Every structure is written in C-alpha cells, then in structure tokens.
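The same chain A turns up in both complexes below, where it pairs with chain B and then with chain C.
Let's turn to the complex of A and B:
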C-alpha cells in the first residue's frame, strides 16, 4: 500500500512538473513568470497548512497527554519552516521580476514572515526545556496561543494596506481568474505538494517517536 | 473564568501594587529603560524634527523593548521567591493571570507617563487630536500587557532568562505593533486612520486565548 502511494506521488509530481512547464499556457503580461504559481502558491499553502496541523496536534496533546501528538506537532513546525522559507524565496524572486524589488513589505510578505517568526520562536522555546512532557505542554500552549494572531494577519492587516500581490485563488469575489488548463495544473500541484507534506510529516514524526522526545536521541 | 476570578485579579493587583510600592524595582527599570532608549535615539539622530511615521515607529519599538525587558518580572519574581505555588493554591490560575495583566498594564501606563512627555519634547512632536493619540497608547498598552503576561508566564517555567521573552513575544505582538505605529502616526499627522479597531480587538482576542491556555502552564 505504502509503495503504491509513494510511486503514485512520484508519478503525480512528475506530471505536475511536465504540466507546469509544457502543458499550461502562460498568463498575459507575465509570460514565463506565471509558471511560478505552480510552485510558490503550493509552498505557501503547505506552510500555512503545517501551522494548522501543528496547532490541532498541540490541542490533542493538551487533551490526551500522549507524546506522539507532540512529535506530530513539532514535525509539522519543522516542515512548515522549510516550506515558509521556500515560499518566501520564490515570492521574493517573483517580486524582483515583476515589481522591481525583492522585498517591499507587501501584506502577504509580512504574513509569511510573521509565520516564520512564530516557527523560529517555537524552536527557541523547545530548546530551553529538557523534560519531555513539560516541553510538549509549553510548546503546545505557545503554538495554540500564536493562533490568536492569525485573524489579524490574515483578515485585518492585508485589507488595511495596499497590495501589489496577484489576487489569491480564493478571492473575495469567489471567482477563478485562470484558464482551465492552468487551473488543472495548479490544482494538481496543490494536491501534490499536500501529498509530499503528508508523507514527509509521517516519516518525521515517527522518526521522532523512535528517537524518543525531540529527535536529539536522549 | 467567573466572578471569583475577577475578584482574585483585584486582590492580586492590590498585592503586587503593595509589593511594588515597597521596592519600586519594576517601575524604575521600565522608566529608566524608556528614558535611556529615547535619549539614545535622540542623540543618535541629532535632529529634533523627524517624520511622524518614523517617530511613531520609534516610539513603539521603545515600548516593545520596554515591555519585554520589564514585564517578565511579574512571574519570575513569584517563581524565584517560590510563592507561585502558594498563589495557585489560594486562587484560580485565570485570576492570577488577570491580576498580573492589570498590574503590568499599570506599570506600562506609569512608565509612559514619564517617557511620553520626554519623547514628545525631544522630537518636537505636534500631537494632532490628543484623544486619538492617547487612545492608541492606551489600547496598544492593553495589547502589550495581555500578550506579554502570558508569554512571561511561559518563560518563567522554562528557566531561561534574558532575551527569551522578546523572542517569544515578538511574533505574537507583530500585528499589534504594525497597527499601533500606523495609528499613532495617523494621530500625529491628524489624519484619519483605521488602525484603532485592531488595537481594540487585539487585547480581546489574544486575552481570550490566554485565559483558555493559562491553566496548562502550571499543570504538571
């Protein structure tokens, strides 16, 4: 079963790569640059999804006190950091080519940086705690507490400032501004990245459980 | 969270104020920090007239560091004197948290009473509508206190000292600091701003999360 899933994911992502560069047409005005959406947007989506997973597993830990939930939570934060970095770098490259600068504190850049800071703070907190259960409990409290800023970052700040960022797929108008071929490749990339995240997350949290605690082998 | 928690909060506040009046340790650190930071910035810039947006940003940077430098004591002192267990036996943890939030807010407001006049003086600021400026200061301070108090409670349980509070509080305070400096700049310019609703909502939302989570911090 696992082998079929893994092979399937490999084939799926290969098709996404071919589709992104050969099948999907380019957007008017952006030309070849528009192909970045098949990689940048899914990376940003996974960075946010990872935070959601970390938070939900944190809540589970606080309810059940099982260290496996802590391993799932911290593994999600690790992967979230990686994908937030990828989204930030690809986004900055796109910004440089289209807006002329790598960084201009666009609301979406601000949001991904805030997320990145939450992830980094989470690791500093874990680093100071030796006892596995106390570390799990306080990390879970922090990751859930950080969720309280999400409504401000996602809903309030981006509306208070002017943005140059292309409108997101799920925009307020509820309409999709993409031709069917682009949309197909885009949705396939989203699904593929989500699958890669699920696989990496599964490997990582089980490894942490085997290593005992935080993956530092003690 | 019920009426007894609010009563507890009032008693904790009274206790902390009484302790503070004996030593004046916390409030003097906050004031000195704010005054030092203001003077250093003023000296480094060398000019009295700076852009309103820059002044507002500098003011909130000072207030951020002042909070993370000074508000950590609230729980650290209880842990060091080993009085936290006693407090938790006598009162609900939510009540203790609320009391500390009120005390920290009071510390921040007292410190601002000393720092703001100096800041306005050295940077030669013309305040537009005073009510808007003071409202931004007040609600921004509520947000600082609500968020820093919970993070201070977390940090007091780690054994880490120093910059830990700043590292952990910064991501939480990020939207508050953006909104507060934007709104303060608007108040300085006398322009219509729209940040105040964020400043009013923030302590409510973050405080609700804090009240939900604070019981897990001391639970072994």
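Let's turn to the complex of A and C:
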C-alpha cells in the first residue's frame, strides 16, 4: 500500500472512531451499547471477507502452483480467524449487557464459533505437513471446501431459527432500517476495517514469503 | 467510564496499531525499498 493510502486509512479510522462516539446517535433501548455495531459487525464482515480471499487465493494456487498464493491464502485464514475471534468476543460482551449472559447458544453465536473452529482445524492440517507444495495443495483444497459452508453458517442458519440477535442491517424485507447518521458511520467503519484487513494481509503474506515459510524465499 | 474516556482509549489503541503496522511495513521494504 502506498504512503497516501496508509495515511488516508489512519485519518479515516480516526474519523470513524470520533463519528462512532460523538456524531452517531444511540439506538432506542440500547443506549451507549448500540455503538458496538461499529466494531462488532465490521469485524464479522472482515472475517467472512478474509475467508473468501483465502478461498480465491487457494484456487489461484491450485491453478498456478505458485507458493505466493499459498502464503496469501494462509495469511487470509489467519486474519479471518483473528477477526472471527474479535466478533465473538464483542458479541459476547453485547450479549452480557442485553441478555444477561455472555453465552446462550444463540444461532449467530453458535455459527460464528463453528466457523472459527472449522478454520482453526486448517492450522492443524498445515502443521502436519512438511513439504511446502503438498501443504499448499491440501490447504487450498481445505479452504475451498471450508468456504462452501460459510453461506449456510453466516446467512442461512441464523435466519432459519429464532434468535435474540438484532436484525441484520439488510433485513428480510430488503430495507435498510437505520438512522442515516448511524448508517454513515457504520458504512465508514466497514470500509475502514476492510482497509485495515487489506494492509494487514499485505504485510502478513510478504513476511511469510520473506521468512521462507511459503513462497520462493528469494 | 465516560464516552470521552472510551473515545480516547480507542484512538490511542488505533494509533498504536497504526504505528506498529507502519513500522512492520518499513521493515519489510528493507533499506533500499521494495
């Protein structure tokens, strides 16, 4: 990423934070707790995005057999797991304040944890394989299959069962039910988190290639 | 904890992460740049 982009991201996220706490109003009933939407939802979004990127890079590896794609794929899974963990923790904090308990096996809580463990197994798989190309090939196949369950776990199952979780931004009626100021900060937070992911992913796979764990190492 | 305190902590955390990422980026580019 260029210096201008990085500086822009720094300013952008600073404005998002100021907007989240000083500009956006609070939601009726939730009060200050509603501000968690600017962190919890973007974290969950980035987790799904990262797993999608991992799948695409996995497919690229299978087509081209270039270990750089494996480095990009594994870096995306690492970040996806990190952001899935952040989404789970922030969700549990929200649950404690609104439902009274950190964990109650709500469909959304359960499916994000299921997703987290599916991708956690990816690291066990990689750890058992010494040969770089064999590891890359099996890892790529794993992420392609793993991503096939993402639509069910993230979009279908939570909607198929009764849940305490607040309605998604885009509800089943296809409408966006959110205060315009909140929506502005929310969309800005989504863009900012996506930018942070792009930067972190770029750094992680480059470091992986330099360290010689993946890539050509030259 | 007041809103201003939370905002200050959030901004400081973001600046810390930003500085760390910037530092790693410079290290990865090496002395001559990439």
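As a working rule, the second predicted complex is superposed on the first by the 205 of 218 C-alpha atoms of A that agree within 3 Å, B and C clash if a C-alpha of one lies under 4 Å from a C-alpha of the other, contacts with A are read in each partner's own complex, and residues count from 1 in each chain.
Heads up, the rule we're going with is that a contact is a pair of C-beta atoms (placed from the backbone, for glycine too) under 8 Å apart; a residue touches a chain by one contact, two chains touch by 3 or more.
Predicted model only: the values in this text are computed from it and were never measured.
Residue contacts after overlaying the shared chain place A:203 against chain C, while chain B stays out of touching range. Counting residues of chain A touched by each partner, chain B versus chain C, the larger count belongs to B. Judged by the touch definition given at the top, the superposed model places A:17 against chain C, while chain B stays out of reach.
Of the two partner chains, neither chain B nor chain C is touched by A:101.
Legend: residue contacts after superposition of the two complexes on their common chain; A:89 is shown touching neither chain B nor chain C.
In the superposition on chain A, contact of A:211 is made with neither chain B nor chain C.
Once the two complexes are laid over each other on the shared chain, residue contacts for A:5 go to neither chain B nor chain C.
Counting contacts by the rule stated earlier, no residue of chain A appears in both its interface with chain B and its interface with chain C.
For chain B in complex with chain A, the touching residues are 150-151, 154, 157-160, 164, 167-168, 170-172, 174-176, 178-179, 182, 194-195, 197-198, 201-202, 205-206, 208-210, 213, 216-217, 219-220.
For chain C in complex with chain A, the touching residues are 3-4, 6-7, 10-11, 14-15, 17-18, 21-22, 24-25, 28.
Residues of chain A that touch chain B in their complex: 62, 110, 114, 117-118, 120-121, 124-125, 128-129, 133-134, 137-138, 140-142, 144-149, 151-153, 156-157, 160.
Remark: chain A residues 1, 6, 9-10, 13-14, 17-18, 20-22, 32, 196, 199-200, 203, 206-207, 210 touch chain C in the complex.
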